[in-house]
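Each of the two complexes below includes chain A, the first together with chain B, the second together with chain C.
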Partner chain A sequence: MRTTRRSFLRLASTGAAVATVRLDGPPARAQAGGPVKVGVLTIRAGIAAPVGAAGLRGTEWWVDRVNRAGGILGRTVQLVVEEESNPKDTVERYRKLVLQDKVQAVLGGISTGVTLALGPVAEDLATPWLSWDGTTQKGVEETMPHPTWAFKSVDNEVEAIVAGMLTAKYFKGIKTVAGIGNDYSYGHDCWESYKAVLKKYAPDVRFVLELFPKLGVTDFTSHIAAIQQSKADLLMCSFWSGDATIIMKQATAVGLFKTMKGVFTTAGGVHDSLKKEFTPEGLLLGYNTMYFDDPKGSALLKQFVREYKARHGEYPPYECDHAYFCAESYKAAVEKAAAQSGKWPEKAAVARALEGIEVESLSGRRSWREDHVQMCAFYQGITTHRNPYDFATISPVEVVSTKVAMKPAGTKLFDWINSWKVSRG
Partner chain B sequence: MSGRLVLAAALGAIVLAPLAASTYHVLLMLPFMAYAVALLGLNLLFGYTGLVSFGHALFLGIGAYTGAVLTSVCGVRSMEVILVAAGALGALVAAPVGALCVRYVKIYFGMLTLAFGMVFYTFVLKFYRLTGGDEGMPFLRPALLGWSLERMPKTDYLVGPYYYYSLAVLVLATLAMWRVVGSPFGLCLKTVRDNPTKAETLGIGVARYRWYAFVISAVYAAVGGALLGPPTGNVDPTLAYWTQSGNIVFMTLLGGFASFFGPILGAFVFIYLQDWVMSVVPFWRLVFGAILASIVIVAPGGLAGLWERRAVEREASRA
Partner chain C sequence: MIQQVVGVVMSGVFHASILFLVSAGLQVVFGVQKIFNLACGSFYALGAYVGVSAVGWYAAAGGPPALFIVPLAVAGLAAGGVGLVVERGLLRFVYDRDETFQLLLTFAVVLMMEDAIRMTWGTSPRSTSGLYLVYGGVSVLGTTVPVYNLIVIGASLAIALVIGWLLTRTAFGRIIRATADNREMAEALGVDVRRVFAGVFTLGTALGTLGGALVIPATAAMSEMGIELIVEAFAVVVIGGLGSMRGAFVGALSVGILRAIAISVYPKLEMLLIYLIVIAVLVLRPRGLFGEARA
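Up next, the complex of A and B:
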């Protein structure tokens, strides 16, 4: 048989392809098929757009990393991104991802107002949905205790519970507390949870003022005047977006924190906008589930922070970690299910494999509880200016696990808090 | 092609869509049909009476929340009861609101309706224990014509029985509105729109007729709102927000308020164009807004107006 130039090239390229197959790679049958499509729902407009952008960036970083390493069981990952907006439109986008784009899983969901609607739709469409930051809680109580396909975020009120515990530790002797939060379920639920926890540690404490400005308000002059007027020993604030930065600026301008302690349960979400010039030392500041400057942080976290800063010009907030965890746990579940069946797993097998799975995330080990709720650690601490940045960070860093700060599966929040045995040493 | 043929072809396509189109695109027809019902009512006020309401999301919200309260609080699952209750409640709220609003016209009418819309939005947002606040309320799967259909997978339910149920409601609402606008009452509304002074001289109570139109449009919007609930399964305050009012006014403009079927066409184009642009461009609002603005500039009478203009030109060239 005569070997032509064309047939030689074909033979050579086949040989090269065979030679590049790693001997320790996944089984050949698992590599069948094109890229694995993964849907992402993220907020792109409005007050929560920076949160959505951070989640998407975290997911994209994960995709680059996974694809560089050969993908999931040899299949590269391809993201299909849709927008999270109001519940009606987001439900439609979710259906598009599953029915039209044929994704293998959907990642994302930030607003609980939206994810409450997504939960039943995910169950109906029989595709794993791993929520970044949205729960299926109505207020502080679960509405979907036994889901099959929906994997939900940490309970919304956990940061307030952790802040309540740490208030008792760091601000001993306070007698009166004022509170401010956004006028929607998150703001109200955080305040009620914080009060319940603090009462356990300091039964004599009095809550003298509660303010709930509309989400998106940017002038807090009258609120700050009312807080000053209350002469409270401490201000608890559950703002999580740009309003946290604004109230910090306006409060510091009138010297509020010279006479009052401050607790910002969730302002770590906008941490690098909390400049030293208007963010005093000595406040309790919550970073939710990832602290970018954790001195005990893993090599993975340090690499992520370095590359995120280089690519986006800022330091990553916690949403990146929620997003990374969802994506990484999906990959681990696919691999776990495939190890049992020897082939690319069905969606149902992946959903089963996700239950109880634990992976290394940016903030450390994270897992899914049996009722499909994220388990992780929360980072809070006292603000300091002793750092190389132009914004405040925290030291010492307190790490509190959801094992102690989140209600166990199947319990009611306030019954659980009331059952605590607290030593008031 | 004559208008009747186009209409028959469109209706045929809608009837056959569940058999031929993808499940996702069939699902997108559900909000289209719900909005189409609401827009038939809105256009009675806008196109036929000359009053532009920027607060009709109030009635969409009333319809949707009526369904949510009935299914998830009162245990009423009959869609027929929900639709009747939504329409009745819409009329009940529209009666005093309309009585106040129709005393004004043009921008003053628009601003008053906007204000009432935002009062309702604030009510559903603030009365958390009653309405679920920002988290909304579940709208449980309603029974259709006495069939519970509870065991059917939700998607099958939506693209099957619920699809044809919504279509039936839309057809009935269209026929009823067709009768309304073609009746002496409809002619009176057009007279009120075109020359209120002359209408008054002819013995037509201008304020009274505007009020009738307002109440009827509210009933249609509330029924449309009730139809919007089951596909999402949850109703929330954004359904009653002013942007919803803006969207339905825009759908009417896009399709053409001078045409009976224009707003329905507008709803269809709006929903499918938004779906397409959202998937293609991250900053879709900018692009979507520019596309819609271009359409309105090129075709001030809306898409239906463009089609009618071409038909007239063809007739003229033939003559």
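Up next, the complex of A and C:
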């Protein structure tokens, strides 16, 4: 049969009509005992795509687990996944999730550039939003100190603060430090926080070089030449993507770490690409909020790592834990709110129940602070080759709680750091 | 002091040698076909991914690590075949159209290639793990230089010489130059311009894919790695002059070394310095150092 322009138009209009009917149909089942819809926003393209994939995988693992056990109050969980891209488009997709898909809560959000814009929208649309990794900070300043619906990730600079504390502990006697980070808020904020913390412990330390290549640069040979030239005792690097692997390889090739200590605050995000051949022992390496090989890890973590490896062929990074915690705390809040009212709770009751709630996540106990910021622990340690893998891991493992490494609610970061009383050993 | 200079110069030259291959691909295509090929960066990324896969298969098949550069270079060159597909399948339809169409078409290729790469290799960065360190390093006046970097620099120089020889000393080169000068006249004299165009575009693509494959042991393949390089390749072309191979050589060397010096002396100037030079060239000598003046 030949499709003429006219018949095609007729077909198309019928299709559109059908689509409209479906979109406008009453979401009656979702309100009754049907599946509970939960929205997910995740990055699918670009440098942070692996981070987004890990968050989604963590969430899916949680869904399988919860649904196998009968769902939330007997309702199975159904995910509606949308992409996180630029702030404008992501806000549109967020609105679609809430208004059109009628999800009960939205999980996800990785880039603070995006979540800074999502925060006010979440408040406006009156649906709980639990952010995996994005905050509503502008630089190191909180923009939404008293939200109702927005639940935000750990402050971005915490891993640099932890690294500053551990630098003082493990690399005593260093006099000069060079720094390299990506040329955007995260890179600059980490460097400033790290400097402030280290200065508290070692007031004589000098910061001799700071480099901020653009996100996406893949050749650091010239940066490394400059770092060598600076003759610093230690290099601090806050790269978290493939660039962490690249700089490690290129630095080792010219023997940089033979004369220089190294601190990689966030490279644990791409941990299984840090092969032993080019990742020396003795560096400080940060795994953010979950260390897959934690010797003190729970049975839950061990099961997750085992099944993640079997399914995806790699070992899970921290984003899985952020995502798992957001989902699990949502479930706990629904159950808590329902226990009071005896029926499926309203969104507002869930949001109230989330405040201060503590649940078991993959990395251990995690909670929401009263100002809706994640509380958890950070895992950093000294790189070692003594493990069964082909990449470096850490031993000993230092676990530092956000109770000591994150600015308390309502304080300014640098005022808070400057108020520390530090004993210099 | 000497140590520092060597460190900076060697890092700059390494960067320049990759930049040269990609810009040379851009130049040869522009010189003959008058098409400004934005997709040269995508071909570079493609070469990198194909290189990672080739080295992966080679290692899995038990090939000696020291010879990994052979499958790497072969894969890089072979990936250039995609140029033939793009030229015959897309570009040939827009030769007679406005330059805007050509630019848009090559930009479309950039977007399609990025997605094709993501679909094929996934979104995670891919690397050849520790092969970069197989050859070790040598001390040049007290500075450690990875031997692999020297191999890449050598390969890039050799390719520059081969292209120079090809263009100036062979019949194929004469035909290419004649076509570049005056397409109608060449056609009237019996040159099969279709074949020349297909050949030139494939050659240009292969230079890009080879550059991508050669750089990969020292870095990691990421789907947007091409975009970063296109910007620098632009600078090279503006400085050296559009369509000139000698321009690509001198331009790449200038951009590579100046970038390295800027990072060492005043890092905030890293890319700004390059753009300042580009602006200066555009104002003072718009045709670039080696570009030909055109009426």
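Everything that follows uses one rule, which is that the second predicted complex is superposed on the first by the 393 of 425 C-alpha atoms of A that agree within 3 Å, B and C clash if a C-alpha of one lies under 4 Å from a C-alpha of the other, contacts with A are read in each partner's own complex, and residues count from 1 in each chain.
By our rule, a contact is a pair of C-beta atoms (placed from the backbone, for glycine too) under 8 Å apart; a residue touches a chain by one contact, two chains touch by 3 or more.
Keep in mind that what you see is a predicted model, and the values were worked out from it rather than measured.
Peer 1: Chain A superposed: clash or fit between chain B and chain C?
Peer 2: Here chain B and chain C can both sit on chain A without a clash.
Peer 1: Name the contact category of A:R57: first (chain B only), second (chain C only), both, or neither.
Peer 2: neither
Peer 1: Look at the residues of chain A and decide whether chain B or chain C touches more of them.
Peer 2: Comparing chain B with chain C, the partner touching more chain A residues is C.
Peer 1: After superposition on the shared chain, which partner residues are touched by A:K152: those of chain B (first), chain C (second), both, or neither?
Peer 2: Neither: A:K152 stays clear of chain B and chain C.
Peer 1: Now for A:K407: first (chain B), second (chain C), both, or neither, which partner does it touch?
Peer 2: In the superposition, A:K407 contacts neither chain B nor chain C.
Peer 1: Output check: A:V254 vs chain B and chain C. Expected answer is one of first, second, both, neither. What do you get?
Peer 2: A:V254 sits against chain C, while chain B stays out of touch.
Peer 1: On the A-aligned overlay, A:K347 touches which partner chain: chain B = first, chain C = second, or both, or neither?
Peer 2: It touches nothing on chain B or chain C.
Peer 1: Touch check for A:H372: first (chain B), second (chain C), both, or neither?
Peer 2: neither
Peer 1: So, A:R75: does it touch chain B (first), chain C (second), both, or neither?
Peer 2: Neither: A:R75 stays clear of chain B and chain C.
Peer 1: Mind working out whether A:A45 is in touch with chain B, chain C, both or neither, as first, second, both or neither?
Peer 2: Touch status of A:A45: both partners.
Peer 1: After the two structures are laid over each other on chain A, how near do the C-alpha atoms of chain B and chain C get, in Å?
Peer 2: 5
Peer 1: Under the contact definition given at the top, report the residues of chain A touching chain B in one complex and chain C in the other.
Peer 2: 44-45
Peer 1: State the interface residues of chain C toward chain A in the complex, per the touch definition above.
Peer 2: Residue list for chain C touching chain A: 4, 7-8, 10-12, 14-15, 18, 118, 123-125, 127, 129-130, 132-133, 137, 143-146, 148-149, 215, 218-220, 222-225, 227-228, 259-260, 263-264, 267, 270-271.
Peer 1: Can you name the residues of chain A that touch chain B in the complex?
Peer 2: 44-45, 81-83, 86-88, 91-93, 95-96, 99-100, 112-113, 116-117, 120-121, 124-125, 138-139, 183-185, 188
Peer 1: Within their complex, state which residues of chain A touch chain C.
Peer 2: By the definition above, chain A touches chain C via 44-47, 49-50, 53, 209-214, 216-219, 221-226, 228-229, 241-242, 245-246, 249-250, 252-255, 270, 273, 275-278, 390.
Peer 1: Mind listing the chain B positions that touch chain A in their complex?
Peer 2: My answer: residues 22-25, 27-28, 31, 125-126, 128, 132-136, 138, 153-155, 228, 231-234, 236, 238-239, 275, 278-279, 282-285.
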